[in-house]
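Labels for the chains are A, B, C and D, by order of writing; each one numbers its residues from 1.
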Amino acid sequence: VIRVALFGAGRIGTIHAASVGAYPGTELSYVVDVNSEAAESLSAKFGARAVSVEEALGDPEIDLTMICSSTDTHADLIEKSARAGKAIFSEKPIDLSLERVRACLEVVKESGAKLMVGFNRRFDPNFLSLKEQLASGAIGTPELVTIASRDPGAPPPEYLKVSGGLFRDMTIHDFDMARWLLEEEPAYVYASGAALVDPRIEEFNDLDTAVVTLTCESGKMAVITNSRRATYGYDQRIEVHGSGGMLSAGNVLEHTVVRATEEGQVAGKPMHFFLKRYAAAYHNEFASLITALRAGGEITPSGDDGEKALRLAEAAFESLKSGSRITLS
Amino acid sequence: VIRVALFGAGRIGTIHAASVGAYPGTELSYVVDVNSEAAESLSAKFGARAVSVEEALGDPEIDLTMICSSTDTHADLIEKSARAGKAIFSEKPIDLSLERVRACLEVVKESGAKLMVGFNRRFDPNFLSLKEQLASGAIGTPELVTIASRDPGAPPPEYLKVSGGLFRDMTIHDFDMARWLLEEEPAYVYASGAALVDPRIEEFNDLDTAVVTLTCESGKMAVITNSRRATYGYDQRIEVHGSGGMLSAGNVLEHTVVRATEEGQVAGKPMHFFLKRYAAAYHNEFASLITALRAGGEITPSGDDGEKALRLAEAAFESLKSGSRITLS
Amino acid sequence: VIRVALFGAGRIGTIHAASVGAYPGTELSYVVDVNSEAAESLSAKFGARAVSVEEALGDPEIDLTMICSSTDTHADLIEKSARAGKAIFSEKPIDLSLERVRACLEVVKESGAKLMVGFNRRFDPNFLSLKEQLASGAIGTPELVTIASRDPGAPPPEYLKVSGGLFRDMTIHDFDMARWLLEEEPAYVYASGAALVDPRIEEFNDLDTAVVTLTCESGKMAVITNSRRATYGYDQRIEVHGSGGMLSAGNVLEHTVVRATEEGQVAGKPMHFFLKRYAAAYHNEFASLITALRAGGEITPSGDDGEKALRLAEAAFESLKSGSRITLS
Amino acid sequence: VIRVALFGAGRIGTIHAASVGAYPGTELSYVVDVNSEAAESLSAKFGARAVSVEEALGDPEIDLTMICSSTDTHADLIEKSARAGKAIFSEKPIDLSLERVRACLEVVKESGAKLMVGFNRRFDPNFLSLKEQLASGAIGTPELVTIASRDPGAPPPEYLKVSGGLFRDMTIHDFDMARWLLEEEPAYVYASGAALVDPRIEEFNDLDTAVVTLTCESGKMAVITNSRRATYGYDQRIEVHGSGGMLSAGNVLEHTVVRATEEGQVAGKPMHFFLKRYAAAYHNEFASLITALRAGGEITPSGDDGEKALRLAEAAFESLKSGSRITLS
């Protein structure tokens, strides 16, 4: 049995707790949250206990920590978990500062700890099917990856101010998907964008609408189009154009009904809420982690994947400011 | 060069005239219509002449007559053309009376004339692709044909009163498609239906909404669903379920645009007007006729196809009245 | 808290157990199964106990029994539960004999027990959306319901022999959907069909491919097309044609990926396994039951719904044998 | 009657000749081609005459010249037509040199001639529907235009060498579409790309795979993705993301049939041949030109549209070479 200590009893923590509960051979032992009521209530449902960070990490029976607390605590908890000899799952990002991420990963490396970073989209059944078909050679060599990634609505400016900015907060998922599908590191980053949804966020030098082009040395490219607002739902599509064809993963709709009337043929919208849209992905993600821990193999997405995606986000901001493409070393 | 005399300068005659004009090695020589203005004007466009039936049939240079006049003239013009030694294209139906059809086809047979009956849907690129895939064995043996065939709107009761009724006027196309796809003659016909669109047509024992089931001796079946009113456009879909899979031909839409907003995702409607929906079919139909005439082979859909479809229409009316299935000899 | 005793720890019982576990304010107290290992193991996962029928029904704390055991035990367990004063959920069918069903429902009625029959498809998010749009008047009055319902593959003849036959075992779901959507009882039933998938099942007077037409006094109709074999997956589609438009609920696909190559554009198949295809439906079904029990209102689908669907199945068999449509009283 | 002289009796000239023939109130009077056989044969079909440039332009009865000859003759023929007082339709591009284009347009301006440049895609029914919905405010303010434009297969390197390069030869259509949909002139151009389809074309400093980002002063953007090879057909899609929703125009498929088998659900491919894919567009283009000539209003796409698209193509090449975005004055 793999025993789990969960840090963070919020929305995403609750989802991971359910995955632990449902997955054979795993057990939720501890829940840690500053909100003790949330910790207690989540614990009760799965026969776990609400404890402190120290208690959870001090128990040698704990195999795995799952870090679902606020972003500014990730790096610390990763380091503490690593030093306590635990395997680690951390929600993305490790930290908003590339320097801090690097220091943290140094600690992970020294400790020899296993770390998965929660780029959940890699585990979405649709994107997974696209990746498998790509890997099987179904469309030859990939040449051009197109990612449309648009949120249903923007969080309030107050939240956005501390989010690290569009590229670190939202596009970072798309950078990870692009790297995963290109299977080659981008060499150049060019970003263009503006605050078209809400001009207030321009005040703190952020943007809400963007186009980012990644170019590899081989000539392969990826284009990401982002918006903080898609009135029709959570727009999440990926397309890979290759030497032998094209793969495209479309949106997941609320339902399959089409209503045909004089007004046209009206289909359902893309699912609106990211936790519902990616419900299967979270479940698959946990299954993949447990399978990898049991097999003793490598774990992906790794800390390195987290760092590289953040590096692309920084480069995108640099490009936006300079108006030039940024060359990655 | 194949020289054509056209009977009927109306809507459908104009379409066939254009096909003659566009097709290599064919020439429109005469147009015959009681409306002499229409005949003159159509002639002018293609360098033809407006003449009488007798003149047209009396010219030994004429190879082919195309009968696009009103339904009650079809059988007579087919017989006259056959006796004059012409190849014949006739719009469907040959006649509304099965007896008259049989007498007419007897004349055609005796004269040895070649006759194509205008079941244009066999030449629609979509249904043609379905048929070709079926014939290639792509889904094994067909078992169940489903035809949805619904007009955008009903003609006025006055027209319907002389139309021969739903099964002879509208379903007849679907009977032909069912026979074409089943490749086995139906042995049983069961029909159910009502006047749901316009109760007035019940007064002359007709209906506007129907379900017809055709069953073959082998157990293969076809189901046809009809309505005289589809608010969303001209609904023309065919599905064949076979031992190895399913083929479905969907509607042809006005355009490919999808509008995604808070209201849903709105696609275009099925094309509304049958002459536009089946524009390519009319063109292919003429090409097929000319090709067959040149090759000297058999011509389909034949007079026999016209008769058999009408026989099914009669059986459907019998079934509707008796509430029982009708056994075809 | 609503306390549940579960009869049957098999595939479908496990699914309902998980729904109880996940739903707020409900608790799984007992699991009953002749296979004591299965009962123990399922109990362990949810803190329940494996007991006998008598123990479970004898506990006054139990509010609800969920009957997921084999078909031949349903009627007995419903009657016992009713007499013990429990609310009852029973998987369909109540029994394969209409007489037995009626006797059982008499007991339920006398005891005043609440009973839901497990026609899970009414709770599928797609069909539910179709029903809601229909109820909202989005397409006016329904006129023609078309149901395509085809299993990926047939069970072995041995199973089919005791299944009650196609109409009682498989079409019964479609009869329920048709009644639910027509909102008027069918007055006439006509069935046609054959053993096209596996001729062996003809030996025990069953069939595997069918078309059933239901006609109401008002003229509204429903057509059901069934096959025991759909090579492309579990084919479950519903279409309602109304005076103001059409609603169609398409299949749920394995994934949203389309692969475009020289061979064509290849999309995913309909989900193959019914428990996965209808996973959300089972969950919604339980939620609807609990909501209704708490609100004290009527429960649907009711025992009466179970009886009426079975009555249609019997009529379909009668029609098949006689070749005539059957008039329902 | 509007009388037309046609320059060029090749593939595209033949299509325009047919449009003249079919359109009421227009007449094809002359065909000019160095290949006199082609000129004669095309003339014969429409009752025109094969003559020299001088004869055609010297006839005061000619209202309109249609220039469908090779690219290097366009500017000369436009100038000659303008000086002869004719209205002019010219296939794109006016010339491959921006300087030559400007000189030519100067002549047109001085002469007061009306000129339409053949950006046929503006007249495609699908893109037209998208544009109309956009103009009606259906999705609010456009923010992000995405154009996928990929040819089925690359011409031989010999052709490409004299084509002016990818951006002038192929992307120029997309530049025009972007300008048309953004309704604001791009201020910055950034291009990235490579020779991934055929490395030989790198030898003459061209590319076959590209991503171009256009950014307006307001922050609106357009992204174009190009490839000279799409194994699945002619890929022509446009998407506009706006403040109130999204419009997307999908590909036009060969047929509407879907084949569902164990292998998946296989739909038709995008139409392969550009003349067939855009057949309706060519027809609408001519209708629009005649309507505008009759109404005496402005003609679009204008010479200015031709020049501006070419300017974007040049900027894209500059950006590709420098690796920086180019600021347009």
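In the analysis below, a residue touches a chain if its C-beta (ideal position, glycine included) is under 8 Å from a C-beta of that chain, and two chains touch if they have at least 3 such contacts.
If you're wondering where the values come from, they're calculated on a predicted model, not measured in any experiment.
> Taking mean CA positions as centres, which chain lies farthest from chain A?
Between chain A and every other chain, the largest centroid distance is to B.
> Sort out for me whether C-D or B-D is joined by the greater number of C-beta contact pairs.
Ranking B-D and C-D by C-beta contacts puts B-D first.
> Starting from the mean Cα coordinates of chain B and chain D, work out the distance between those two points in Å.
39
> Report, in whole Å, the distance between the mean C-alpha point of chain C and the mean C-alpha point of chain D.
Chain C and chain D have C-alpha centres separated by 57 Å.
> Show the residues in chain B shared as contacts by 2 or more other chains, in ascending order.
231-232, 244-246, 258-262, 268
> Could you pull out which chain A residues touch chain D in their complex?
On the chain A side, the touching residues are 143-144, 146, 148, 150, 188, 190, 192-197, 209, 211, 213, 215, 218-221, 223, 225, 227, 229-232, 235, 239, 241, 243-246, 323-325.
> Show me the residue ranges of chain B that touch chain D in the complex, using the header's touch definition.
Chain B reaches chain D through residues 18, 22, 125-126, 128-130, 133, 138-139, 244-252, 254-262, 268.
> In the complex, go through chain B and note every residue touching chain A.
Within the complex, chain B touches chain A at residues 231-233, 253, 258-270.
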